[in-house]
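One structure is given here, and the rest of the page talks about it.
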Amino acid sequence: MAKEAPYLWFNEPPIDYDIYRFAVKSFLYDGQTEFQRVVILDTFEYGRMLVLDGFAQSSEKDEYIFHEALVHPTMVTHGDPRDVLIIGGGEGATLREVLAHGSVERLVMVDLDRELVEICKEHLPEWHQGKFDDPKVELVFEDGKQYVERCESMFDVIIIDLQDPLDEDSPAAALYTERFYASVRQRLRPGGLLVVQAMELSATNDLEGDDHLMVRNRLMKVFSTVRSYLVFVPTFQSEWAFVVASDGPDPASLTREQIEEGLSRQGTPEGRDLGKSLSFYDADAHIRMFTLSRDLKRFLAGLPPTEYGAR
Amino acid sequence: MAKEAPYLWFNEPPIDYDIYRFAVKSFLYDGQTEFQRVVILDTFEYGRMLVLDGFAQSSEKDEYIFHEALVHPTMVTHGDPRDVLIIGGGEGATLREVLAHGSVERLVMVDLDRELVEICKEHLPEWHQGKFDDPKVELVFEDGKQYVERCESMFDVIIIDLQDPLDEDSPAAALYTERFYASVRQRLRPGGLLVVQAMELSATNDLEGDDHLMVRNRLMKVFSTVRSYLVFVPTFQSEWAFVVASDGPDPASLTREQIEEGLSRQGTPEGRDLGKSLSFYDADAHIRMFTLSRDLKRFLAGLPPTEYGAR
Amino acid sequence: MAKEAPYLWFNEPPIDYDIYRFAVKSFLYDGQTEFQRVVILDTFEYGRMLVLDGFAQSSEKDEYIFHEALVHPTMVTHGDPRDVLIIGGGEGATLREVLAHGSVERLVMVDLDRELVEICKEHLPEWHQGKFDDPKVELVFEDGKQYVERCESMFDVIIIDLQDPLDEDSPAAALYTERFYASVRQRLRPGGLLVVQAMELSATNDLEGDDHLMVRNRLMKVFSTVRSYLVFVPTFQSEWAFVVASDGPDPASLTREQIEEGLSRQGTPEGRDLGKSLSFYDADAHIRMFTLSRDLKRFLAGLPPTEYGAR
Amino acid sequence: MAKEAPYLWFNEPPIDYDIYRFAVKSFLYDGQTEFQRVVILDTFEYGRMLVLDGFAQSSEKDEYIFHEALVHPTMVTHGDPRDVLIIGGGEGATLREVLAHGSVERLVMVDLDRELVEICKEHLPEWHQGKFDDPKVELVFEDGKQYVERCESMFDVIIIDLQDPLDEDSPAAALYTERFYASVRQRLRPGGLLVVQAMELSATNDLEGDDHLMVRNRLMKVFSTVRSYLVFVPTFQSEWAFVVASDGPDPASLTREQIEEGLSRQGTPEGRDLGKSLSFYDADAHIRMFTLSRDLKRFLAGLPPTEYGAR
């Protein structure tokens, strides 16, 4: 028996039905902040992983997919984002991706949980890469709803990177309401865009009570252009969805050439071609994410996929 | 405790590392053919599932994604497939999707395991939908390699729908060799295409020994145009890949309009628009599957994804 | 990967906390009777196993321990049991052990579920060994409570071999009441004994709500002599308890010599020494089962084990 | 979802077959000493648990059963143990139980792994209860075999409390040999006894290669009186065995009265009745442990249990 044989495990609760279980090499951190239990573990397959209240947030091996997919489509669609607001995003990887854009002048990140950010700073350097200390960054430890309501600044891009609203009583639930989205809209400059991490999306899910549809439908009451897009994230064993909402440009209408030109023009803070320095995102990734199969389009429209028998 | 609380489970072996475990409602079939152990189980999340020698082949809930993704891109790229050969495909769902095309005049399906086909006929009617009895179908129970080598017919489309080649000793291994692909090429008419189910594909896998790269690279030695494409299949908790190979048309160059026109022209045997009767596949699905993100393109080229730190 | 590598599993629900998971070779039976779901599976470690509504009842490898422990202490304590009543015991193994005693003239077995008995007859021959057809046996398919209340026969030994009373609403719950025990007492001849399978017993359990204590305490209200005894059963991963209740002889007071003499005198139907033909039970087994450690005696008296710190 | 819902788990490797999985509240310690990986976790069902190289050693809830069963039968059989040697026993609980005897004047504990003892001192106070600092205790950090071979002291009782000899290459393997047992015998005074923790014992195990039989048979080559005894330990989900070996008194022949008188006479260091201050052990516990059922006696004699069909 090699000493490396796994005997420690993590799986998301509940475990009544299908279970995906991660083999754990070792436990790096286990603590309780004022708001949540924080566990950082080192897994055999995905490297380090951040777990909040039992739910995997991101892992070393593929967080680049999640965070590039969250940030770049909206940033590129905008074309020249200078002021960016992140609500949530405690790991610091969303912030890292935003700062990869040469145009950014000011980045406000609002997270409720100061202790979580301190823990991530110490234990997840691959996520934030020291960018919390970038002079463009303004860290605010406050409830996102309260911040948005009292805020007088205007932003080009707003990114909502929160935990799933597990139930109506969870602290994050107020940040998934139509009312909150309307407040956010007040803080967008003309041509500004909002992007929201919006849970798993699958045409094989039940339509009723689907979390993604809930977010999408609420955003459609507030914004004129709302686009779902999705990408496979191995850690989540599913295709993960995001929603871009705006009263301005439409990310689904960008051509391959526009995206490539935008990445090149936008550049990095050092003046290099942003398109050459990313891992996941490029024009093809953008097009793949916004191009959805027949069953998914029907699902988003509230229809079941065509039954084969109906041919 | 509701009687429905799960207490029966299935997971693919081995279980040393990360495990995905399916909750099982009931066991519908468990038997051993001359070639393999066949288990059919009814799962809570995915409905009926076919398991061969411990490995999930397809499930009721999402086999439509797998089988439409396997069949239609190649059939549509060809434009007028009349003679089609399926190697493997015991469940009958690949056959079902091929027969959805109005142009098909003859369909030969070669599977080694007659008993498996009988079991699927009885227990998986949603898969085959009675199409084994279609007069266009010729069922051959023989080793695929032997059939191809002795065969004198020519085909427009050949579909290889086999189990993964678990190791060099497995019976399927001889059907994943460069030599076999060269034999297959001899059976393709000018303009003909081959499509192969080609395992999981992920840029976060280890480059070494990746099964998809092995299939892709062997096909590249035999055919002038080789395209990997991939789609998320929930039952497999991963993006599943296929490879189209030909010396003729390139599925990656089709426009949205060409695909839609093709589906309409091709039609169903009853003369309806094929594009209106499918569940998963349409022009967007085609484009999504053949459009790969930066990390995947680098992976297929044998390069690691760009490291963020290299920016 | 050997084809024998386990990929099918069984565990008792619920699975919120500690889980023991059995690797399953194959599923032999899965059906629903009027009263319960019956699954018979072939496990790697324990051979065939009977599972009712998700709960393991007994397994091929160690059912001899459970059933000999259930039957023989009471039969030997009685000394000359002629008429025996079994309530439950659908597998037929309790019946088998009773019929091993040469003195038995009449054996009534009352089980609610005729279909279960038919299934066990067909699939569990090692359990019943054809004894359902012994001419001394009278099978009654009826609710045990109803049978006892309408019954006019008298018995020397009554054996209650039922599933655990999972909650107050389960069908078996009425057979675990003080009132039912009082009815049973009416059917015992002078010197007669009752034995009840009485769940797991461990001094490390919580005193509050312990199922064994509940059965024991109810029996103590009805009978003058009540003895808990327990034996380790591997399939249950715990020490399993039984309670003998009577107004006559006390099984805990038998000497090694009395037990050995009893087994020899009692004999088998063929006139051999019963003590030489059993697998688990003998005088030592009897003494071990009725001799309890300090913590268990304190637990049965409603006290916590002595804390070490209290020394 | 309550925050207490389990999502962290421990199970002993390997996990090919039957698995017992513990739900884990939190991880208290995870580190590597020179000799082994040490994990201390807090479980929902058993409280704190010490895990060495993946194998559970003991848990807060029932370590009292294991350690009282290991120590007291031999100490009481001796009658007046003054000098005691423990080989292994890093947790400090074996030491604690030895020191509960008023007669003890000198206790030598030899453990290879100084770091392990330091970790247990800090994290497992319920185990050692500060007794490492008792002036009678002499701690030696050295290989047990080397210590015994170089040692010139004589002992009344020697206790071997080591990890299982997982294979012939494991560091503990040399401490399970006939040769080592012969060295140990040289260190016993006349009337002295050796007790060895001797793994799981079950008549349903395979005779071939059984670890307990291996230890027992080797001891029988060295000592004239060898007794196996066993007790159920919930954390191990099995009956755990020990072997007492001596050329003097026989623990299996003690009467209830002799044991009770011995506990009273022996007393505690404070002069109280030892029988009144223990949690698990008393005369009944002693008798239960040394009294084995028919199948176990046959197993220890190298015979299979009587087959029912052989009646």
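Lettered A, B, C and D in written order, each chain numbered from 1.
To be clear about the criterion, a contact is a pair of C-beta atoms (placed from the backbone, for glycine too) under 8 Å apart; a residue touches a chain by one contact, two chains touch by 3 or more.
Please read all numbers here as calculations on a predicted model, not as lab measurements.
Homomeric contact chain A/chain D is classed as same-residue, with over half of its interface positions used by both copies. Centroid distances built from C-alpha atoms place C farthest away from chain A.
Chain centres here are Cα means. That of chain A falls 53 Å from that of chain D. Put simply, the C-alpha centre of chain B and that of chain D have 57 angstrom between them. Measuring from the averaged C-alpha position of chain C to that of chain D gives a distance of 32 Å.
In chain D, the positions touching at least two other chains are 5-6, 14-16, 21. Considering their complex, residues 1, 3, 5-15, 21, 24, 26-27, 30, 37, 39, 51, 53-54, 166 of chain D touch chain A. Per the touch definition, chain D reaches chain C in the complex via residues 5-6, 16-23, 43-45, 61-62, 64-65, 96, 100, 129, 202, 204, 231-232, 234, 237-239, 268, 272, 277-282, 284-285, 287-288, 291-295, 297, 305-311.
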